[in-house]
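Order of writing sets the labels: A, B, C, D and E. Residues in every chain begin at 1.
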Amino acid sequence: MPLSETPSAVARPRLRAGDRVFAGLSTGAGLLILFVLAGVAAFLLVEAWPALTAPPEEVPGGRGVALYVWPLLFGTALSAVFALLIAAPLAVTIALFVTYYAPRALAQGLGYLIDLLAAVPSIIYGLWGFTVLAPATVGPSGWLADNLGFIPLFAGPVSATGRTMLVAILVLAVMILPIITAVVREAFRQVPRLHEEAARALGATQWEMLRMAVLPFGRSAIIGASMLGLGRALGETMAVTIVLSVSGGVTVNLISSGNPSTIAADIALQFPESTGLAVNTLIASGLVLFAVTFAVNMAARTVINRRSEFSGAN
Amino acid sequence: MSVPTRTERESDLTLTEAAPVRRTLPPWAPYAALAVAIAVGGTVTLAGVSAGLGAVLTVVLYVACVVTVSRLVEGPRKAKDRAVTTVVTSAFLLALAPLISVLATVISRGTARMDVEFFTFSMRGVVGEGGGVYHAITGTLMITGLATLISVPVGMLCGVYLVEYAKGRLATVITFFVDVMTGIPSIVAGLFAYALFALILGPGVRMGLMGAVALSVLMIPVVVRSTEEMLKLVPNELREAAYALAVPKWRMILKVVIPTALAGIATGVTLAIARVIGETAPLLVTVGITQSVNLNPFDGRMATLPVSAYYQYVNPGVPPDPSLDRAWSAALLLIIIVMALNLVARLISHRFAPKSGG
Amino acid sequence: MAKHIQVKDLDIYYDEFLAVQGVSMTIEPRSVTALIGPSGCGKSTFLRSLNRMHELVPKARVEGQVAINGRDIYGSNVDPVDVRSEIGMVFQRPNPFPTMSIYENVAAGIRLNNVRMKRSELDDLVERSLRSANLWNEVKDRLHRPGGGISGGQQQRLCIARAIAVDPAVLLMDEPCSALDPISTQAIEDLINDLKPDYTIVIVTHNMQQAARVSDTTGFFNLADVGQPGQLIEMDTTAKIFSAPREQATEDYITGRFG
Amino acid sequence: ANEGSAEESELAGTISGAGASSQQAAQQAWTAGFQDQYPDVTVNYDPIGSGGGREQFVSGGSDFGGTDAYLDDDELAAAQDRCADFIEVPLYISPVAIVFNLDGVDELNLSPRTIAGIFNQDITEWDDPAIAEDNPDAELPSLPISPVNRSDESGTTENFLEYLTAAAGDAWPHEPSGDWPVGGGEAAQGTSGVVEAVRNGDGTIGYADASQAGDLSTVAVGVGDEFVNYSPEAASTVLDVSERVEGRGENSFAYELARDTTEEGTYPIVLVSYGLACTEYDDDQVGELVREYFTFMASEEGQQQAAENAGSAPISDELREQITPAIEAIGAT
Amino acid sequence: MAKHIQVKDLDIYYDEFLAVQGVSMTIEPRSVTALIGPSGCGKSTFLRSLNRMHELVPKARVEGQVAINGRDIYGSNVDPVDVRSEIGMVFQRPNPFPTMSIYENVAAGIRLNNVRMKRSELDDLVERSLRSANLWNEVKDRLHRPGGGISGGQQQRLCIARAIAVDPAVLLMDEPCSALDPISTQAIEDLINDLKPDYTIVIVTHNMQQAARVSDTTGFFNLADVGQPGQLIEMDTTAKIFSAPREQATEDYITGRFG
């Protein structure tokens, strides 16, 4: 076997060209992302500035940017949070089903089915929500209003067409479900067999094993996935635009026709016919949404990091 | 040394002949319960209650039945386990309901125009019936293709950076901002791309590339995330093995780490494509719409499937039906394209997945 | 509380593949039984069939009988969950729950059954179990730190503490020392000796010296040939197996100069 | 993939316009017809909305524009900056129908004040005396009224509101604008959204471009002493009785519509959408194309095609005569 | 081609933590050197510093000198990649590349470095390496099957074949047999004996018998106390260390009855 006996083999300069180029490229890609985000933030700030500094009566609605954005922010938060509350537990259960309950031969195919939900463009969700889901909720909403009307969420009066906040929430939940499911499923797949076996060997039932070994292990992935889903729900534009009847102030009533709009939907609805300061106001609302996303992610990181030493990532 | 003495507990169970025997339910028991539940639910439905309520009743009845019997025969732990099994299974079935409903809706309304003309003609000169989405198919493929060309290298390189190169604060910062980036509303991404190009090329500019840039803003974080997660799964042992063979780092990443993770990355990239191929809002404000074929993504408006479906739906002609048919068929076509992409990703996964068994 | 185990004509399959064939043996209570044999001969497979852990592998199944104190654990109305809470297990690679603290790891098994145990009782039980596993002194000041944040040998002892905390009748150990250094190994062997008066212990090991040191009875598994199922070749008192085995294969294996 | 007819022509090139979505269907017919005549020409129309259309036009982002409302003073100045002189002509006139969906009721007469009351949510039940008074023969159910309005800012809304303001007196207390001013009702995106929402509900009523009303029942609107249902002729008559806005230059044909007209046979709820162009373009070829295209849109043939595909009301011959000099001035230099 | 290694006053840090302190030793070419000692005393850390593998751990660093044939591998203009091409390494757990076939795994060192070589030469090299690693007969019929699809012992030998295919001057092995059964262990020990005439071999092992069987020289590492850095206590010919060690600590460790 030939080997270069020359000691010079050990005597070349430090970093190879290939390494330098590749390291440069990947660092560049990382920095590019920061630049893009800085660009987006700068764009939002610059474009929002005239609205933020304008006298309140010139802003659409005539009461300043804060009061313009507030109902939108409320609607955005209301729809996204409820969508998350529905989708996240469902996604975790579905991930559990696919990884631990479904017959093994079927599991992959079933996972694929759920992934398909992610393949449906949002405009189709909008059309589906409008033409199929909304009419279907009119009856049950009536029942809710009659029987659970004392809960503010179901106060009514019931919308005649079903294009309510409830439907928007359901559509958003369906849209973010596959995203959360996919991430959580991958996390569950990575739970070391050893830990499952440890629980089983202690005499845990299937559910106890999941609670003992699997769910805690997937905890940070569940939070992370939920944040992804929440981000998507906060920013979803077309589906909400098409589905939701937006003509109300701040209300938690989910089943009437007067609902607060969401920031993204409002931009899509108002932008085409807007000029001048109205455009700046819309972008100011986009800036608010950006800030909210920022804060939500910050909070999620804090939650994840707080127990990071128990994450099992070692 | 002391050894724990046996503590007596309530559900203590021994396998000695003398000890009381805890029974398990026979395997057919859950099915029997299900049959009863379906029978009752079905009867109630037939008796005039809505089908949804009937289904809910069936599930509730089944759970109640199984849990009660199991609790009596097998004890509380086993009963809880059975309850969870039922809940988990029903949750899955519940999630399938919207999928089936969406697909059924799109298929039943979208097959109307699945004809040759639809795939080979544009809308140029078409009024009323006929016409096709050839121009929108080419537009969607080109714009999504361009977005993929931008996002995949950038996203993968960024993922590589985060996993293989980044240390300390900058990595944390970038990871965090990638998360923030996933939350950019699609319309804002479109407006951003528009503002960017207008800044450089003057107002009113419209081109396919703008759309691709807008879509990239949405796509990059998804690619970064999935690449990052997949690269993290590559065992360090493989990196060490390559290093020990005197392989330079970049080659190690390209030839060992990425191939090992390729299957997962491919899945992530398809998810990312699926995420953007159906986007409407950012394309409305960047590439606009045209009725004609435009194969130059660097100049002028281009049609795309979601945008043309959107306009066909929002501003149909008189009578509206031909437009609506085209809109639903375009939607169906989008789903078919994404499914085909998924299939390709699966093939790639299958081809490149690390093989362990012979 | 120790129990005797009777195995009769046990065949273990992975799907169509017969991994272990025709094993019959009796394991006495209050004794340590060592299982030795070359790699792939089915020691782990056999061990896992004693508490139905093999059922976690899809399509794995057994034929034959395993009776604990005379009761068939594969009987039609026996729940594997109940079997496993009687029979503890320690694995080759330490597997504490990384998401739990040291304390919670030890308490994990107890929590399953005794939802309502007084805090002080539980504290007590955790301390006793950790003392038995020879770990108390090393961790008593950081009981609420993550279970994954201690050294490999400590993790293995933590797993043993977890297994004995639920007070099983039988303790199965699959190569518990193979990842450990001599000092930790010594600690665990001492522990096995301490536990012997109260438990029925079955241990799989590659290490002949270890088998000789800790066990009362030794069983030798071997493959008739490549692709053939593993079989129990010989089982006898450890002294007998290591001094005067009946079978040539056993002698060959034992006198190999392996470590 | 498809070819136009191979007629000889020297016109070639691409022009792009953007603006009112109301014109989309008509523009589709016009571009089809125009490109049929000139196969080497491509005309794009991007229905981004009137506001966007005006903004893009005045900033030079598009070759021509479409808008449901004529330029305001600021835009006027900006447009004069961009063009030597700009051209503003009505090309698309469409009745706005009031559509409703009420079991057992197919015909409905409503006076302007009643319409205002319904959309202002003062009249909330279908058997309200105000409605019954206009419809002595109808069997009106006791059902809540669900008024449906546009959720996006739109020219349709603006025109409808202008009508209410002018015709309903103090029954309509809101200022006209493109945004719907009353909260709490049902809102839907786009004309098709409103139509679909009205169709899906029971007891719903909304306003939409008449061409999309489809099989929905429409309201006959009180004009003077009679009730008029919409028709293209009744709609285009409005323009003939309306005043042209003064002081905007000779090529601006902006109209202050006579919403409160009592003229017999007019249907006052109409939407008028304008075409915007310049007299001067940097590129002569573009100027020529725009001129030919505008000529085509205004022509009898063009108006007829729009009427067929978009259900609009063709402009009258007098109006065509008036605006022809303006169109001929496009690209004149 | 074998080379001698000289280590002088080597301190190894993980960030602020001093893991190994003041090691000086000389490793002769064409010999096998065994490193033994209790867990955590820094054997692996030390071994990895010999081919700069410790640099993969963020913030790990060394002070002192390591010279291969007189040339300091920590010199300012020395590329660690070049160092590693001189010094091969085999890890405790076998780590074949799962995406590559058996053949490609052996050829990896060459392929990944883009060394151009004729197909026939490469075939030849792969065969020779596999023969040296005592694996040729077992895999010659399935060279193009995945490298992950063979047994643990075979995988370990595959990794050895991969390491010797690039023909390093020095071969470092970190507990190469701890995951293996006696038969595979034997095969690898035989292999070490076969390689000795051509290579400089350094092996870390927990197994005293193994150290005694395969090595010419043995170094004993120990911790002065918990939290203290590991140190080289004693190094001498294997015969000397196992019969008459100079230090009490060495004798204690070796005469522990551990396996």
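The definition used in the following text is that a contact is a pair of C-beta atoms (placed from the backbone, for glycine too) under 8 Å apart; a residue touches a chain by one contact, two chains touch by 3 or more.
Here the structure is a predicted model, which is why all the values come from computation and not from measurement.
Novice: So which chains are sitting against chain A and chain D at once?
Specialist: Expected: B.
Novice: Across all chain pairs, which one has the most C-beta contacts?
Specialist: Counting C-beta pairs in contact per chain pair, the top pair is A-B.
Novice: Taking every chain's C-alpha mean, which one sits closest to the mean of all protein C-alpha atoms?
Specialist: Looking at where each chain's C-alpha mean falls, the closest to the middle is B.
Novice: Using CA atom averages as chain centres, what separation in Å is found between chain B and chain E?
Specialist: Spacing between the chain centres: roughly 46 Å.
Novice: Return the distance between the CA-based centres of chain D and chain E, expressed in whole Å.
Specialist: 83
Novice: With chain centres taken as the means of their Cα atoms, state the distance from chain B to chain D in Å.
Specialist: Roughly 41 Å separates the two chain centres.
Novice: Residues of chain A that touch two or more other chains: which are they?
Specialist: 16, 131, 205, 208, 241, 271
Novice: Give the residues of chain B touching no fewer than two other chains, as numbers and ranges.
Specialist: Residue numbers touching two or more other chains: 77-78, 248, 251, 285, 313.
Novice: List, in ascending order, every residue of chain D touching at least 2 other chains.
Specialist: Within chain D, residues 21, 48, 189, 193 contact more than one other chain.
Novice: Which positions of chain A touch chain D when the two form their complex?
Specialist: That would be residues 60, 130-131, 134-135, 157, 159-163, 241-242, 244-249, 256-258, 261, 269-276, 278 of chain A.
Novice: For chain A, which residues are in contact with chain C within the complex?
Specialist: It comes out as residues 104, 192, 194-205, 208, 212-213, 216-217, 219, 309-314.
Novice: Spell out the part of chain B that touches chain E in their complex, as residue ranges.
Specialist: 167, 235-248, 251-252, 255-256, 259-260, 262, 352, 354-358
Novice: Can you list the residues on chain A that touch chain B in the complex?
Specialist: 16, 18-19, 21-23, 25-30, 32-34, 36-37, 39-40, 43-44, 47, 90, 93-94, 96-98, 101-102, 110, 112-125, 127-128, 131-133, 139-140, 174, 177, 181-183, 186, 190, 205-208, 210, 224, 227-228, 230-232, 234-238, 241, 263-264, 267-268, 271, 283, 286, 289-290, 293-294, 296-298, 300-301
Novice: What part of chain B is in contact with chain C in the complex they form?
Specialist: 1-7, 9-17, 21-24, 26, 74, 77-78
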